[in-house]
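In what follows, subunit A forms one complex with subunit B and a second complex with subunit C.
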Partner chain A sequence: MLRELSPFNRRPCVLVWSIVAAVMILRCPTALSQTAALGLMNQSHLAYYYAGDGGHARVNMILSDGRGRTQTREFWIARRDIADMGDQNYYTYFLKPADVARTALVIHKKAQANDDRWLYVPALDLVKRIAADDRRASFVGSDFTYEDISGRLPSLDKHEAIGPDSALGRAATKVKSTPVNPKTADYAWRVTWVDVDSKLPLREEYYDARGTLQRRFEITKIETIEGIPTATERTMTNLQSGHSTTIRFTDVTYKPDLKAEDFNERLLKNPPAAFTR
Partner chain B sequence: MRRARQRLITFSVDHPAWVIGVATLISLAFAFQFPQIVIDTDPKHMLPVTSPVRQYNDQVERDFGLHADVIVLGIVNPHGIANPTTLARIVDLTGRIQHLPGVIARDVTSLSTIDDITSVDGDLAVHAALADVPNDEWGCRVLREEWLSNPLFIGRIISGDGVATAIYIPIEPGANGRQIADGIRQLLPSDRAGDQFHLAGDPVARDTFGTEMFQQMGLFSPIAGLVICLMLWFLFRNVALVIANMAVAMISIVWSMGLLIGLGIPVHIMASMSPVFLMAIATDSVHIFNEFAFRFGETGNQRQAIFDTMSAVSRPIAVSDLATAVGFASLATAPIIPVKIFGLVVAFGTLVILLLSFTLVPAILILLRPEHIPVIRQTREETRSLLARLGGVCIRRARTIAIVGGVVLAVAAFGITRIRVNNNMIHWFKPGSAVRTADRVMNEHLGGTSTGYLVVGASADDAMKDPVLLRGIEGLQRELEHDPRVGKTFSVVDYVRRINYVLHGDDPAFDRIPDSADAVGQYLFLFSMSAKPSDLENVVDYPYRTANIFLQLKSWDADVMRAVIARTNAYLSTHPLPNGAVVRPAGIAHFNMIWSDEVLWGMLESFLAGLVLVLILLVAETRSFLWGTLIFLPLLFTIALLYGVVGLIGKDFDMPVAVLSTLSLGLATDFAIHFVARFRARYREDPDLGRALVWTVARPGRGIFLNALLFAAGFAVMVFADLTPYITVGVFMVAIMLLSALLSVVFLPGLIHLFRRTLLKGEVNA
Partner chain C sequence: MRQARSWNRLCGLALGLTLLCLHPTGASSQPIFSGYVEAVQAMRVEQNVALYDGTNFFDREFPRSEMRSQLSLWESKDRGDFFISLDLRRDVRQYHQLTSVDLREAYIGVGITKRLDLKVGRQVATWGTGDFIFVNDLFAKDWEAFFTGLDDAYLKLPQELVRITLSEPKLTIDAALSPRATQDHLSDGERISIDYTGTGASRQEVSIAPPYRSPQAFARVAGSAGVSEWAFYGYWGHWPVPKGAREESNSPYFLDLYYPELAAVGASVRFPLGPYLNHAEFAYYASLDDPRGADPLIANSQIRGFVGTEKSLGHEWTVGAQYYAEWMLDYDLYRTGIPAGFPVFNELRSTVTLRVEKLAAHQNLHLSAFGFWGITDQDYHLRPAISYKITDAVGWTVGASVVGGNKPYTTFGQFRHNSNVFTRLRYSF
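Let's turn to the complex of A and B:
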């Protein structure tokens, strides 16, 4: 759901990065493309993961095994930013499939530490903390990982702009990103098509160390909601297993009717009124 | 037919250079096909892609995201693998193995990639069992305790005593298991520091076998050929004769293999055995040399001796080669394509040998320099030789011999009833071989290297969330584990139980299936939120309609899977699964079972068809049911004795033995055909039964024994091979040769003597 930096409250940030970039370029001419690329990726990160100061949306998720069998999940997802490029809270409330209805998941994403995750299991009427030391695990059994949903800090990778291209019929800048510490990522490198206009990552391709394309992410629909370009339809395809997951957003808003307490794990069994209507 | 044969022989004697030149040219043309050879080392390709078992297996693998070919790297440390060095190695090796070409990196399962579901300070934790290597003993001990407390791990990823672990390495379809195994071996540390490494799994065994089979074929068939050459030289002291004999074998091999390769057909393991078979069949030309040596001794006229020899032996040679060709061609009735190809290749090669016997062999004989021709003086040989005396005994003691034969046959029949049909690819390697050692060690410590599946299919979506069905599956798993050869079973039930237990803070009272379907659904959902998607995908399909029970078996015996299926059916008949859910077997162990059954029975059927065809041919050729049956008897006897012994000593009737049955088709009738043909010809010339029989035992009998000994000696070297099927080939060849020679020369005179009234009625006028 939650995207695009609104031009107003992001400007100082862009300014800072521009100055940093300018200084870097002056000091080290060879770092030109790398520094500019990092700046672009930071913008993209903000546009995609920190749009607005939060929001919520209803999500329809279709998992496909590539052989015609599908599973559908439906849930509400809400986000609340604590600081740009910093901590965030996510709240997920499941509606379907029927046997998991009322299951709820809250994630306190920490930029500098492991996330906190709590799950409410209705069958046991139990809130359980889930020790999460791996953001690369699958998000609710889909082809998206937690990291794909909540973002990977651009500073964890080295970036290099590798030229203009287009995706989804839009002009894009291709950026190759290589993890600084290979152990922090499942991929050896990835290529991102960053939309020149919205800075949204229109497409991402993840390669393994053998140079094989492992996963491909694509935005297939962008709508402008409350003035913010929003990717309302996206697909992650695992080219190795043939599985894919498509998620569609409806009822998107960046002015959520949510309070900080709604993201408190102790209230997990009582979902916000907005989601039970 | 006879005139054509005569013309061929005359032409060859008149124009030997032409014959040799043309044969050489054709051989060169076939030899030029050799570089295009395509080799297929996968014994499983005996079943076509379209066979139902292959298709069902492929479907199960697709449905559950499983891999057909998995290599298992076992790591054993007698002091326990939970020490900083070994654990660091596991992490390092897993990472490096994931980078090997042909390895399906995302599904490599080891302690460092497998998800562990635990309860840590009341939190539910799902993480790699070995995320960070502890640098002290204490940290290792904690990890060890944690792993050993997870029943999902025991027998699969760690042994119950903590001394062994395994890395499961799925490989892409079509990748060569042996090459990847070699790649893995290069990654192993040179300083083992107490760790032992073992490579096991079906692809390693299969592709190692396929590769070594070709290598050993390349090594042992020339050695066998060499031994035969040496023996020939000692017998005839004539290099040209040795060359003639080997030329016949080599040319038939070059033509038939050249044809196969030229047609673009991949050379499968089966077809790769044809040269050995052809070499065996080609020794038939010894009969020509033997008779020629006698005839030349009688007349001293080289040209006349050739014509006389050929008119005496050409008919039995033609009949025996035709019988052989028919026997092998009958394999074309088998439903298994590599067996068909093999049968036709050998049949073609046999016809080439037949053609060469009437062309190349006389051409070489005429080129021999008279002073070098070996001569056997007949007077002494025919009256006082050992063989002549043996002939006398056979006639005098005909009744005793017949009774002994009957008793032996009865014992053999009893042995045959005790034959156990089974197949175990690991047993194709010698007990001390790396493949077999690895398999044994892994099976001692872990659940088993052979994998089977039981697929539980329900009729409605979400059926696998029904606690009643899950308890039914659990009951079946416990029942199967009563078989000591079933080392480990594991299914979605085990995940559900584990999550129930962990969510309740490791309370043993909750180490069970929960009571509501919603709870099961939420547990599995929770699991899917934390673990790798493949963990769940491997055991249950998307709509929760089918589930997969993993079986780890401690033996590759086809029997073990058969026992599992029998036990499953017996259990389900008393404990049926709810809502008509059904269980179907799959997986490599099941595939091996079906594969060996189909190939074994397919071979057996076409073998029997071959026997009947040979009998028909013999009866037609002799124009007498009695004579035809008599000639057929030594073949029947040889087979009965061989399989009687196989049954009595408890050797499994497996794929190599089944393949070798066909050998007897090609070899065991030859001697009887020669014996009877020569006897009848002699009897017509000199109708004194006793004299004719003794002469036949002494003179053609010598050719028979020479042929048998030559051959037995040549193939006896195969008992030194590294693969047990080759040892079986060696033993069988020797046994078939010696038995059928002995039976032809000892039993036939006795039987002819016993049944002389019926057999010889009108013989002289015929």
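Let's turn to the complex of A and C:
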């Protein structure tokens, strides 16, 4: 008892606690900003990929090789969320180019597993399931990957707020995101300009391990549709090749006609009447 | 055969015109007109004496040399749709038909309820899990198109069907009935040669009697369990290829072939496992004209099946492989009864396939290679192709169809000496 109260025994204790306190004081701002940054990226992910419970839009996609050659894709895209930040079902119905008209794609996006994808080829009446472990593959040849279209979970990256800035004439918070497992991403880190108001990712820059800017994503038009701020014009530019892809959304609605269980073989073969007008 | 085909075409056209007149009116979309114009040229890389009919060589150099155009019209409504598609073809080299108009498809689709669909008319139908291997898909196919450089879509022949589909969230029931059978198109013996009998008899020396007035019935029940898909299939009709021979005493032909009756049941599964997308399928073929296998000139009952897998390797590379086997039942009877001069097949015959695909240049460049290797029969068929989209509308394809085998009567061996290289230039609108 006496020995426990002796100052000789107390001294190491005080020392340890002082060190712990010092470390905490030093670490706290970072720890706090990381949590806040993850929270912000989660909000941004919800605003961009999970707006409403789903909906549909007509999409015009222009691929430009930077040397004057352009290609066009036109399709309808429909989405239905199963859970926020969780699984989602997607449906794409192609209108152009002519050789893929009436082709359809159904994706069951899994937040925690590989997606399931099915393609319908009308000339053969063929429903083909596609091997889909590669979310980084290009979506229909564009500069957008499947992951860019359907989202990458914020929890797969470490986030750090690196200060206020602006983009598209709007106040934004800059967040640096580094993949927890480098093998899961094509970039070493990326910087996102998150809109302070709408939480939409106004701009994103993807860097490789050498610090070279590889790709840049930009929202160029935001419209409020059914009360929801919506990025109706977006561009992804590959700064290495000069190739870029611009997507324009029209006929956007967040009132989904399709239920989660409708994203099946019948939908692949029978497009909703609204998409064929 | 030729007459039969024109009859087919006439019937189809008549049906198409009827549908066109009958098609329901009311609030609907703008009709969508689309199609393409295409030049196809296939050139032999080996001489083929089998295309000599005693007087003439058929066009030895070019198994296919034609301009073709497809014109399609599609109109969709709230409760259904209407589709018509015509193939106009002009042979640039000789063949018996210089210009032809084929009705590719003409059907009306009606959504009877939200879950029940009816599709009536001339249409293409496909099911099953195989990659260029068909076990439960007994819908008609055009192997001549497959071997002479046409787009893969032409492997499927349209047929007149009444098709009813019931779609529940996790279950699909599909039934199709054809009032008259459509068989596979193998060869007229002009574009490519075929040894139907395995005896060396040319196409001109055999007669083939198709069962035109016979109906065909197809059925499928398919569903999903988690990420896996399963299906059961049924078929009743005739063999899709002439698997039977009759002895006709006063026939001028060396052999009179026909399509014996066939019933088939089978099942398939498709499921992902890690990065692999796997499939397996089997079917029992009951050869109804020779149920005990007593007649060696009619195909015996069989069990057919395959397993396969596919994997995406990243960077737009995809590979796939399949193992296929065909097991002849009542083999002993077949073996003892087979007449001299006729080929003898093995009891178990297996084939492997391999597919390698690569997309590049924003998916404008598509490289693909598909190969069949008959392990038992020692035959093969290779299909390398390169496609490039010059613009959204113009696509160019160069490829080859290499086919051969040690024996002249096996699946691919019967098509040997027909290897060719081909090119297609297509403008789509």
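Just so we're on the same page, the second predicted complex is superposed on the first by the 240 of 277 C-alpha atoms of A that agree within 3 Å, B and C clash if a C-alpha of one lies under 4 Å from a C-alpha of the other, contacts with A are read in each partner's own complex, and residues count from 1 in each chain.
Following the convention adopted for this analysis, contacts are C-beta pairs under 8 Å (C-beta built on N, C-alpha and C of every residue); 3 or more make two chains touch, one makes a residue touch a chain.
Computed from a predicted structure; not experimentally measured.
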First, second, both or neither for A:T224, with subunit B first and subunit C second: neither
Subunit B versus subunit C as contact partner of A:T250, first or second or both or neither: neither
Touching partner for A:R210 - first (subunit B), second (subunit C), both, neither: first
Subunit B versus subunit C as contact partner of A:A123, first or second or both or neither: both
Subunit B versus subunit C as contact partner of A:P97, first or second or both or neither: both
Which of subunit B and subunit C A:G141 touches, first, second, both or neither: both
First, second, both or neither for A:N114, with subunit B first and subunit C second: second
Contacts of A:T276 with subunit B and subunit C, given as first, second, both or neither: second
Contact residues of subunit A, present in both the subunit B and the subunit C interface: 63, 65, 71, 97, 99, 121, 123-124, 126, 129-134, 137-138, 140-142, 243
In the complex, subunit B residues that touch subunit A: 62-63, 65, 99, 101, 104-106, 120, 122-128, 131, 462, 465, 503, 514, 516-523, 525-526, 528-534, 536-537, 541-543
Touch list for subunit A against partner subunit B, complex: 63, 65, 67, 69-71, 94, 97, 99-100, 103, 105, 119, 121-124, 126, 128-134, 137-143, 208-210, 214, 240-241, 243
Contact set on subunit A toward subunit C in their complex: 63, 65, 71-72, 96-99, 101-102, 113-114, 116, 121, 123-127, 129-134, 136-138, 140-142, 243, 261, 264-266, 270-271, 273, 276-277
Residues on subunit C engaged by subunit A in the complex (per definition of touch): 29-30, 32, 34-36, 74, 76-78, 81, 109, 111, 115, 117, 123-127, 152-153, 155-156, 165, 167, 169, 172, 222, 227, 229, 270, 272, 274-277, 310-312, 314, 316, 318, 359, 362-364, 389, 391-393, 395, 426, 428-429
